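Next, two complexes with chain A in common: one pairs it with chain B, the other with chain C.
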Partner chain A sequence: MVEARIVIIGAGPAGMKAALSLVEAGHRPVVIDEAQRSGGQVYRRPSPAAERSPRALYGFEAARAQRLHQGFDAIADFIDYYPETLIWNAEGRTLDLLYNGQNQRIAWSHLILATGAMDRIIPVSGWTLPGAYTLGAAQIALKAQAVGIGQSVVFFGTGPLLYLVAYQYAKAGITVKAVLDVSAFRQSVVALPQLLTGGRTFAKGLFFLAWLRARRIPVLRGITPVEIVAGTDQAVAGITIRTAGGKLRHFDCSGVGFGYGLRSETQIADLLELEFAFEHNHRQWLPVSDDNGRASTCGVYLAGDGAGILGADAAELTGRRAALVLRFDLGETELAAEIDTLSARLNAMRPFRHALDHVAFAFPERLARNVPDDVIICRCEGLRAANIRQMARDTEEIDLNRIKAFTRLGMGRCQGRVCVAAATAVLAGAATDMSSTGRYRCQAPVKPVPLRAFLGGCDEQV
Partner chain B sequence: MTSAGQFHRIPVSERREITCRVDGKPISVFEGDTVLTAVLTFRRDLREFEFSSDLRSGFCLMGACQDCWVRKSNGERIRACSTLVADGQEIVTQHGGKTDG
Partner chain C sequence: MNRFDVAIIGGGLAGCSAAFHLSKRGASVALLERGRCGAQASGVNFGGVRRQGRHPAELGIAQRSHALWKDLARLIGTDGEFRTTGHLKLARSPDEMADLEAYRETARTFDLELELLDTKSLRARYPYLGQAAQGGSFCPGDGQANPRIVAPAFSRAARALGATVLENTEVVHGRRDDGDFRLELASGQNIRARRLLNMAGAWGARIAAWFGDIVQEGVMAPNMCVTEPLPQFIGPALGVCGGDVYIRQVPQGSVIFGAGYGLADRDRVFARPLADVTAAGARLAVSIIPRLADALLVRTWTGIEGTMPDGIPVMGPSPSTEGLFHAFGFTGHGFQLGPAAGAVMAELALDGETPTEIGALAFTRFNRSSTATRTGC
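Now for the complex of A and B:
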């Protein structure tokens, strides 16, 4: 075992910023990330063979992205960077990694978790068809691979990403047939006073909307998705929705992207046995932290969207703060003032984020609870809503972990990453308190690991 | 480029063309493509679902959903959305995930 190190998990805006702020003070952190290149989802970089201009990749965020990337590239010699590395287990103060096909163990003295987020999904009939993707996936396809998820596409769900992705696709010359938002226009009106505090972010949102409308791309509010429709090739041929006025409408398309805001990725925090609490604001169980991002276990710090969704700009701030708090804990007490300033800035961002994610584009709770019986909830195991409801009735249980043991819900390869939000809602059914279903617990390995990494030669997955 | 694929390329500046084989069929793709992009610019499905005849083509593209596992010709399993395609690579999608342990 090598000497214990400062380890940062994740190389998105939070992790990159944390690394910079540690190197600044002469530390040499280990940075572990699953992607081939740094940037996280939001500032994702294509592989060098497919490089494009920052302007083409990040639009309005080009300068910000470029600054972050250049900063991180400049410290390459002062960090130990493990890209394309999967952390599949965390026990005590060690991490098990899969790096270059080999298993490795790293001991940490301090750990910054910047694990990011993924789309929150509500299953709808047809969502497992070829051609149906998350909004995040649609964006990655375009940014990292210069492909659209279809030749003509419809985006639906809710949240700021819905409009951003639609804009990016239309701008890239892909036919966007419609943008369909489950949130009603009046929700934005209610949220307006707080939204106005969002400055730049709010202005961009308005711009995207105006831009789409100016190109006569239908933007419908208050819709209910009914079905993603398959063609004869068993792939997406269109989508049927119910309008706010109650009429059925169909849009032909070859790809759909959907999502309902983001959900923090907390599986490593779970393996570390950090203390969690159900955050009603974020609608999920999150690792608890003090006012400055210290987790319940000494030496663990939380940053970025993995600690609750605050967006990319806030992720940079929480990343820097995590590093400064860590340095403070190591004795740099003179950092206290800057830490306070950062925390104050972050707190000032919360009302806007709340208005955005929980009022204007609130998660449509009812839609999630009422997923029709015949719709697949768990795409790994092919379990339908009826299976889950039936099991809940038979066993009189609504605890996710018990239901998991009975039905294999969330036991597939994704370990519940995709389905847990929807499964929680389906199980909660009529229950008023979402936390009543308990916290879904994950197990190592958090993602499939080839046995070959341990044994050599054999390649089945554990 | 055929329009039969799920993924639709947008015009970008010059990239090096390489060739790989999908279930024995040679296809011409670009350096920097993931295995998923390579397959889906030519057809709409990536693989058959383990427990039925449903087709799947990945979902998250960020290594989270695990819905895009296929094999190399030596049987090694790869996650198509996060593995770059190599020149001359053989990809096997038929019964791609049927022997999941």
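Now for the complex of A and C:
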């Protein structure tokens, strides 16, 4: 019988910080992450062949990223780190992993979930064309492989990431044709008082904007995307939008990146059978926790964007807090004061985040609910918005799991990770309460697993 | 208070089909379903629609169901994606081949047109099969369907004919007095009916017990796996002697296989597949079709199914209570039977009898000792 371990899922800022705080106290956690290297989405490290200076990779965040990476590298001998390892299932107090192409199992005594987030998308005509990427994917291409998504690119959607990615691309020497934000300028004005509390983060945002404008990169606000246009090669050749003033405008480009903020990755929490609640603030079902990040199952702690989007700085704090609370639960009661301080700091960050996500870059609810009929929602199954609306009408259903059963929505490779949020909005239609569409349940595997992984005979323990 | 000719507890495929057949004959019907119609076993099963391999006690009703499956589009407005791809049952040893031959004899009176295949003709016809398969028995009329859409389509058709379909409606207790059944709902309301059909799947024995009909009903959760879409190559639905793995390829290309059992908790109405069962199932599936080794597993699932000690369902009148009829405990193979189970129960409720041979499924068999074994999926 292999001893149950403290396991951290995710090696982004939350997971890395948690590992550091556990090692501090003499624990030897297991850290598991799908990526080749630590850093998570925001502080992703390039593959060794594409190594660049921290400054080039992380811009303003270089010092912070370097500090985190150095800290994490320094504890390499004190943790068991499994990169490129997919957790495909969670069951009771064990995790099933895809490691080196083989299926393996690990038992945990304590579990820190720092599973991060992915882009929230609103489908638009042409979004499945080659050359169209989410903002996150565009950023990964640049950071990990040092290649862009095209020679000349347009970014659209909304949220802080929109400006950051545009800045990173322009900085890397790629032609950014335009930055097109569905949020109106006046929303930022309204949010200004709270935004100012963001201090450094807010300043960065202003800087990106100024920097882009100084380079005469058009930044348009209050736009509505109309269509990503295909060229003769059936790949992205441009994008057509409607301006705030109502005029159609077209930009030629060979790549587009788009996104509308982030949503938490909660599949593992779901497989762990944690309690969930619909969080209207986050527009999604999230695992519930107490004030200090303890999940509903004893021994499970939530950290980082996987528990609700708060951003990278907050992720470091919740990561550290998860580790401290875990240590507290193991008997280090003297940590109470520090835990309270961390929680207070986190609470102080909320107004800024709220202003950012709900006012300045508010999710364009109308756009999401009114995706035109002919636009593809679920690319794996080739379902268009009309198919979903039609089925909902024919069967008088708005329950996601029923619509899934009837239409195959979300039954392809992505298992709904990409399309379900979009389908939820389409189904909700005119309904005021999004949660009325029910909760789309995750079923293992979290991501596809080759059957070959199971052929190794008896499944070993990590 | 609402009074109906017939009340049905359980909106699975069997109950929905009963509601449809009763409404077609003009009876006033209430279909009472705790959750959504066809969301339990009937909506999440493997989708195998086969007669081959069934216990002879089921073959009469299975034949009747077969006719209904072929007629589904006309009856309820969708064919349920039923396809007569045939069902190929594989033997992995000479002993198993002998079993297949013996079964052909057993089923001879039922017109299943079973064709036995030796190793050579099996390889020639199904070159994708691995070395494990040494022979087979092919039933050309059997096939497969999409379980997610069939029961809901029956419930919609029943509703269109005037049935009262009450979803999210749990029956918490029932009794019979003054010749009427009184059903107490979780909402506190009551329903009255002259006849009662207990078609509550894995929860059937509980309802039977309200009326003093006592039987042990177990529970099982067949562990199901599905791959990414692959180009069409399999053809028939595949099974094996012993039933430890079954495989089919759906029209959209994905390959579904089932093997082993996950967890089922009937009280919480909760079921989940298990990773080690999935792993063992993958090995079995690959032993039958080696090229599946390169396919990606995209989803696993399971459902809650009632099992009877002798592996065949209960169907027929209550031994204790007049006007009460049971049909539950299909033990992993009631999807194919569902349409006819509804037709038969409708006849029992309205006529007190049915032309279909169901005597061997009677509740009263549990008063005697029984030795028959489970027949598998």
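In the analysis below, the second predicted complex is superposed on the first by the 454 of 462 C-alpha atoms of A that agree within 3 Å, B and C clash if a C-alpha of one lies under 4 Å from a C-alpha of the other, contacts with A are read in each partner's own complex, and residues count from 1 in each chain.
Assume a contact is a pair of C-beta atoms (placed from the backbone, for glycine too) under 8 Å apart; a residue touches a chain by one contact, two chains touch by 3 or more.
On a predicted model such as this, the values are computed, not experimentally measured, just so you know.
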{"item": "Which of chain B and chain C A:Arg402 touches, first, second, both or neither", "value": "second"}
{"item": "Which superposed partner A:Leu274 touches (first chain B, second chain C, both, neither)", "value": "neither"}
{"item": "Which superposed partner A:Arg413 touches (first chain B, second chain C, both, neither)", "value": "both"}
{"item": "Touching partner for A:Asn89 - first (chain B), second (chain C), both, neither", "value": "second"}
{"item": "Touched partner set for A:Asn103, first chain B, second chain C, both or neither", "value": "second"}
{"item": "Contacts of A:Pro448 with chain B and chain C, given as first, second, both or neither", "value": "both"}
{"item": "Partner chain(s) touched by A:Met118 [first = chain B, second = chain C, both, neither]", "value": "first"}
{"item": "More chain A residues in contact [chain B versus chain C]", "value": "B"}
{"item": "Chain B and chain C footprints on chain A, overlapping residues", "value": "381, 412-413, 448, 450, 452, 459"}
{"item": "Chain B to chain A touching residues, read off their complex", "value": "3, 6-13, 15-16, 30-34, 37, 40-41, 44-46, 49, 51-52, 54-67, 69, 75-77, 82, 84, 99-101"}
{"item": "Chain A to chain B touching residues, read off their complex", "value": "34-36, 41, 46-50, 52, 84, 118-119, 128-134, 136-137, 140-142, 144-151, 172-174, 233-235, 254-255, 265, 379-382, 412-414, 417-418, 447-448, 450, 452, 459-462"}
{"item": "Complex interface listing, chain C residues touching chain A", "value": "36, 39, 43, 148-149, 152, 156, 227-229, 252, 272-276, 278-280, 282-283, 285-286, 292-301"}
{"item": "Parts of chain A lying in touch with chain C, wherever the complex brings them together", "value": "88-89, 91, 96, 103, 105, 381, 395, 399, 402, 405-406, 408, 411-413, 415, 443-445, 448-452, 454-455, 459"}
